[in-house]
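So, here come the structures, one by one.
Each of the next two complexes has chain A plus one more chain, namely chain B in the first and chain C in the second.
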Partner chain A sequence: MNIDVSAIFQIAGIGIIIAMIHSVLKQMGKEDMAHWVTVIGFVVVLFMVVRLLNELFQEIKTIFLFQ
Partner chain B sequence: MEMIQIIGLGLIATVLILVIREQKPMFAFLLAAFTGLFIFLYVIGKIEAVITVLEDLASKSGIPSIYLKTVLKIIGIAYIAEFGAQIVRDAGLESIASKIEFAGKIFILVMAVPIINVIVETVIGLLPAGS
Partner chain C sequence: MIKLLGAALILFAGTMIGFQQAARIAERPRQLRALSHALSRLETEIGYGHTPLPEALTRTADTAEEPIRGMLRGAAAGLWNADGLSFRESWDEAVRKHWSATAMKKNEQAIVLRLGSTLGISDKDDQKKHLKLALLQLQAEEDAAREEQSRYEKMWKSLGVLIAVLIVILMV
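Up next is the complex of A and B:
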């Protein structure tokens, strides 16, 4: 396991904190700011997921003899 | 004891996903995808050893390596297609999931065509010529 299990907790934590910040900013009346925060958090998590996906595809390519 | 680790990981991830889904369904989906990827990546490392043994046996028994390669490619395509389709299905897009599975089936069929060709040629060779 070269990627740690803690990445899962990281993603969950990012999600919860982003949701919190979103609701706080909404209460303050800064709707557009809240949406930007959501988008940035989403991109960060998406980056982690895509990196892992890339690793999986490379692994499958090497194991199952795709050239 | 690795099995228990995987089960624990799955249970914890499920609880986290259920918590987050209330607030942000998008993050819940990404978390589900990440967990699936993690478990898959963990298991695929184990398969590598089995496939090495399989290749060894095939080379010992003199099977042409092109057949084993084709079979391995088909297995790989089946794994990836199933995995991708299930992630997409989790997000609720049944139609795209079935298209992914359909594409997987087509690619497997395309890979299997040379083998089918060899079988047909063998059968034709067995038949008595003329008549």
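Up next is the complex of A and C:
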């Protein structure tokens, strides 16, 4: 089996960068924008996770529910 | 290979956009100061030199720096031409035309445009008063611009790089 490790690294990278943008914006007194950035980053990562989960469920389906 | 090149290009572009925004923010107080200098010089020309307005504008333009110079020259040119433009029309046109070349915002434009509707239609003392008023308002704007510069200049510099890195990571 070939686990795609790069996706995990990608999500970690997004997390780090979003955290940095958040702290920069917060330091400059734009707290509302900082929170929006965090929320948008969260949604993007959520979409990536959902795609991976979809793959996982398809895999399970093909293994157990073989028609 | 080509992916790496694209990533480097995006990084470079993001960094440059951030630095350009920072430079624009840093430029604004400087240009406001230059505009104040030009206006106080114009005040001197009107108050002590008794110079006619088109000539006073040309002389002021000669000593001003570039974006301001073009604006004043444009206003003077509109008056020298025999099109029958009033000072206000000529000033409005010149200000609107040259404004995009400056780093200044709408507030300053409103102040300058309002000054245009009061110059050249009344006596010396009245015009001096209006110029003083505009100078005071510009001074307030300059203080605000300085504060904004100290707050946002660094933010733009780091934000450009960070957003570029984010885009690169998202597209890998």
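By definition in this document, the second predicted complex is superposed on the first by the 61 of 67 C-alpha atoms of A that agree within 3 Å, B and C clash if a C-alpha of one lies under 4 Å from a C-alpha of the other, contacts with A are read in each partner's own complex, and residues count from 1 in each chain.
Note that a residue touches a chain if its C-beta (ideal position, glycine included) is under 8 Å from a C-beta of that chain, and two chains touch if they have at least 3 such contacts.
Since the structure is predicted, the reported quantities are computational estimates derived from the model, not experimental observations.
Asker: Quick check for you: in the superposed arrangement, does A:Met28 touch first (chain B), second (chain C), both or neither?
Answerer: After superposition on chain A, A:Met28 lies in contact with chain C alone.
Asker: State whether A:Leu65 touches chain B only (first), chain C only (second), both chains, or neither.
Answerer: First partner only, chain B.
Asker: Which partner, chain B or chain C, is in contact with more residues of chain A?
Answerer: B
Asker: On the A-aligned overlay, A:Ile17 touches which partner chain: chain B = first, chain C = second, or both, or neither?
Answerer: After superposition on chain A, A:Ile17 lies in contact with chain C alone.
Asker: Just checking: does A:Val5 make contact with chain B only, chain C only, both, or neither of them? Give me first, second, both or neither.
Answerer: A:Val5 contacts chain B only, not chain C.
Asker: Give one of first, second, both or neither to describe whether A:Val44 is in contact with chain B, with chain C, with both, or with none.
Answerer: The answer is second: A:Val44 touches chain C but not chain B.
Asker: Check whether A:Leu56 is in contact with chain B, with chain C, with both or with neither, and answer first, second, both or neither.
Answerer: After superposing on A, A:Leu56 lies in contact with chain B but is clear of chain C.
Asker: Quick check on the output: what are the common chain A residues between the chain B footprint and the chain C footprint?
Answerer: Touching chain B and chain C on chain A: residues 14, 18.
Asker: Under the touch definition given earlier, write down the residues of chain A that touch chain C in their complex.
Answerer: Touch list, chain A to chain C: 6, 10, 13-14, 17-18, 20-21, 24-25, 27-29, 44.
Asker: Given the complex with chain B, which residues does chain A contribute to the contact?
Answerer: It comes out as residues 1, 3, 5, 7-9, 11-12, 14-16, 18-19, 22, 38, 41-42, 45-46, 48-49, 52-53, 55-57, 59-60, 63-66.
Asker: Which stretch or stretches of chain B touch chain A in the complex?
Answerer: 9, 12-13, 16-17, 19-20, 23-24, 26-28, 30-31, 33-35, 37-38, 40-42, 44-45, 47-48, 51, 69, 72-73, 75-76, 79-80
Asker: Name, in rising order, each residue of chain C that touches chain A in their complex.
Answerer: Against chain A, chain C makes touches at 151-152, 154-155, 158-159, 162-163, 165-166, 169-170, 172.
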